[in-house]
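Input: a single structure, listed below in C-alpha cells.
Chain nomenclature is as follows: A, B, C, D, E and F, assigned in order of appearance, with residue numbering initiated at 1 for each chain independently.
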Amino acid sequence: MVHNHLREFRGYREKRNEKILSQGNLLTKRFFNIDTQVYDDGALPRKTKELLGLLGSMVLRCDDCVTYHIIQCVEQKVSDAEFFEAFNVALVVGGSIVIPHLRRGVEMLEECRRKEKAGS
Amino acid sequence: MVHNHLREFRGYREKRNEKILSQGNLLTKRFFNIDTQVYDDGALPRKTKELLGLLGSMVLRCDDCVTYHIIQCVEQKVSDAEFFEAFNVALVVGGSIVIPHLRRGVEMLEECRRKEKAGS
Amino acid sequence: MVHNHLREFRGYREKRNEKILSQGNLLTKRFFNIDTQVYDDGALPRKTKELLGLLGSMVLRCDDCVTYHIIQCVEQKVSDAEFFEAFNVALVVGGSIVIPHLRRGVEMLEECRRKEKAGS
Amino acid sequence: MVHNHLREFRGYREKRNEKILSQGNLLTKRFFNIDTQVYDDGALPRKTKELLGLLGSMVLRCDDCVTYHIIQCVEQKVSDAEFFEAFNVALVVGGSIVIPHLRRGVEMLEECRRKEKAGS
Amino acid sequence: MVHNHLREFRGYREKRNEKILSQGNLLTKRFFNIDTQVYDDGALPRKTKELLGLLGSMVLRCDDCVTYHIIQCVEQKVSDAEFFEAFNVALVVGGSIVIPHLRRGVEMLEECRRKEKAGS
Amino acid sequence: MVHNHLREFRGYREKRNEKILSQGNLLTKRFFNIDTQVYDDGALPRKTKELLGLLGSMVLRCDDCVTYHIIQCVEQKVSDAEFFEAFNVALVVGGSIVIPHLRRGVEMLEECRRKEKAGS
C-alpha cells in the first residue's frame, strides 16, 4: 500500500499557505511570488534550479523544504543516481549534521517512486 | 590593470591546504579527497555540481567557499545569466542576509571575467 | 472546539524546564534567569523585546521558540497586522527557509486568538 | 578625527548594489525592493522594524548587516540604552558566538555617535 | 515501564542508514565511514570525542544527532555532572535557541538512565 | 620573526570587551560572567571544556571564537595530535564549509607554537 505522507504534506502546505496569503499583506504575497518564479525555466533549466533548492534545503536542514524540492525534482525527472550525487554534495558541504535529514529525504523519495509506479 | 584578489586567494588556499594535509591525519586526507571527488562529472555534470556547491556556499554564507565555487563555475563555462539565476535562488532561499556575500561574490565574478578577457 | 496544542506545549515546557533546573548546576540556573529577565520592560518595552525574540526564533528556525514568543506577544497585545509585518521581516532576512516555520507559527497564532475569544 | 569606516562601508555597499541591480534580472530587483519596503513605517513603526533587522543580523552573525541596521537605528533615534537592551536579547538568543559581532557592532555605534556630534 | 523512544530511534536510524548505503554510491559510503571512525579512540579518548559530537549537535540544533551522541556518551560512562557541564557550554555558546533541544536531550538522557537501571 | 596576529587579536578583544562592559547593563555583565565561568574546571576538566568551545566555534564558523579557544587550548596543553583529531570532528560534523576556518585556525595554532618556542 502506498503511504500518504506526501499527500498529508501537500495538504497541510497548501492549506497553510492559503491562510498566510489571506492574512498577510502585499509584501508577503510578493515574497511568495518570487519564491515560485525563481525556479522557473530560464538560462538554467528548472531541473537544475530545483536541485539548487534541494541542496539549499539540505545544508540549511529544513525537512519540509527537502520534501518539497524532492517532489519537484521527481517531477523534473531527476534520476536516483542524480539525487544521490546531489545528496553527496549536501553531505560534504553541510557535514554529518545533514544525515538525519537525508534519512527522511530518502524515505520521501522512496514514497515518490512508489507513487510513480502506482500511477498516481 | 587586473586585480590580484583571485591570485592571493588561490595562493593562500593552496599553501594552507598543504599545511593542513601535512599535519593532519588519515581522516583529514580522506575528507579532503571526498571534498574534491564529489564535484567530478557523474550522473550530474560537474557544472551542475559546482553550481550546487556555489548555492550551498551562499546560503551558508562563506565568502571563501563562494569565491572558490565561482572560480570553478567560470571554468565550467557558467554564463553570467546562469550565475545570476543561481544567485537569485540563493537570495530567495537564504534571505537578505546573503546579500553582503553576493556583493563580494559578484566582485569576484567580475575579476574572473577580466582575467578571462586578459587571457590569463 | 479549542485545540490544545498550546496547553501541551506549555505543559511539556514547564515540566522539562523544572527537570533541567533541578538537575542543572548554578550556571544553568543563571542562564535561565538571564533568559527570563532579558525580555523585561526597560528602555525598550517588553512588547518590542518579545517581537525581537520572535524575530530571532524565526530566522534561527526554532518552532518551540516561535510558539513561545507568539504566546508572549499575544499577551503583550501585538495585533495581527503587527505580527504579519514582523513575519515579513523574518521572511526577508531569513529567506524562504523560514516559510515552514511561518506556517506552523501562524497556526499557533490562530489557536491563541481562538483561546482569547473563548476567554481562556 | 572622525574615522571613515562608515563612509567606506556605505560607498562599497552602494557601488556593489548598483552593479548587482544592473546585471541582475527582474527577480533580483524585486527581492531588493521588498528588502527596502519591509522596513517602512506601518502597523509597526520603522524604528521597531530596524531593531528587528538588527536582531536578525546579530543572531545570524553578519557584520555588514549589523553595521547597516545600526546606521538605520541611529537615524531612527534609537538610544544607547535601547541598543544595549537589544544587544542583550541577541546575546541571550544567539549565545556567545554573537560576541565578536557585538564587539564590531559597538565600535560602529561609537563611530555613528561621533559623526552625530561632529554634525556630519 | 521503560519507554521505547530510544529503541524506535535506533531502529529507524539503522534501517534508514542501510537504505542510504544500499542506494548511495562510493562517496556516500566513504563519508559514512569517516563519520564512524572520527569518534574512535586516538590522541583524544572516545569519551571526549563523543562529548565534542554532542556539543556540535546541540549548537547546530539537531535532535537526532543529540540523541545519538547522548547514547554514545552514556556508553562511554559520561556522568550526569559531566553531561550538564557540557550542556552549559552548549547553552552559552549557542544561546537560548538551544534550550528546546536541551529539554528533549535531557528527556533522552533520563530514558538512557532508566534503561541502565533496568539492565537492558 | 614571530607574527603579531595573536597580540592584535588579544588587544582588540580586551579593549572592545571593556567598552561593552562599561556601556552594557547588568545582564550584559552577567552573560559575560557565565561565558567565563562555564569553562572552569569542574566535573569535566577545563581542557575538555576548551575543546568543546573550540568545536562549537568551528561548526558555527566564527574565526574570532576559533582563535580564542585555540589560545586557551594551547594554555591547557592540548597537543597537535589532539588538535587535529578535534579538527576532524569539526570537519565531519560541520562539513567542508568549515575548511576556510580550519585554514585560519591552523595558521593561528602555528603562531601559538612559535610563540611558545620563542618563550613569550
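Please note the rule applied: a contact is a pair of C-beta atoms (placed from the backbone, for glycine too) under 8 Å apart; a residue touches a chain by one contact, two chains touch by 3 or more.
Keep in mind that this is a model prediction, so the values were computed, not measured.
> Enumerate, in label order, the chains that touch chain D and chain F alike.
Chains in contact with chain D as well as chain F: A, B, C, E.
> Please identify each chain that touches chain A as well as chain F.
B, C, D, E
> Name whichever of A-E and D-E has more C-beta pairs touching across its two chains.
It is A-E, judged by the count of C-beta pairs in contact.
> Over half of the interface residue numbers used by both chain B and chain D, so same, or under half, so different?
Different; most numbers are used by only one of chain B and chain D.
> Using only the C-alpha atoms, find the rotation that maps chain C onto chain F and quote its angle between 0 and 180 degrees, to the nearest 5.
In degrees, rounded to 5: 180.
> From chain E, which chain is the farthest off, judged by mean CA positions?
D
> Measuring between Cα centroids, what's the chain most distant from chain A?
Farthest chain from chain A, going by C-alpha centroids: F.
> With centres defined as the mean C-alpha position, give me the chain A-chain C separation in Å.
Chain centres of chain A and chain C, defined by C-alpha means, are spaced 27 Å apart.
> Would you mind pulling out the distance in Å between where the CA atoms of chain B average out and where those of chain C do?
Roughly 38 Å separates the two chain centres.
> If you average the CA atoms of chain A and of chain D, how far apart do the two points sit, in angstrom?
Using C-alpha averages as centres, the distance is 33 Å.
> Among the residues of chain A, which ones contact at least 2 other chains?
Chain A, residues with two or more chain partners: 25, 27, 31, 34-35, 38, 42, 56-57, 59-60, 65, 81, 84-85, 88, 91-94, 96-97.
> Are the chains arranged, by touching, as a line, ring, star, complete graph, or other?
Chain contacts: complete, every pair touches.
> List the residues on chain C that touch chain D in their complex, please.
Touching chain D from chain C are residues 34-35, 38-39, 42-44, 48-49, 51-53, 55-57, 59-60, 65, 79, 81-82, 84-86, 88-90, 92-94.
> Once bound in the complex, which stretches of chain F touch chain B?
Answer in residue numbers: 61, 80-81, 84-85, 87-88, 91-92, 96-97, 99-100, 102-104, 106-107, 110.
> Applying the document's contact rule, which stretches of chain B touch chain C when the two form their complex?
Touch list, chain B to chain C: 59, 91-98.
> Under the touch definition given earlier, write down the residues of chain F that touch chain D in their complex.
12-13, 16-17, 19-20, 23-25, 27-28, 31, 35, 56-57, 60, 62-65
> Contact residues on chain A for chain D in the complex?
25, 27, 30-31, 34, 37-38, 42
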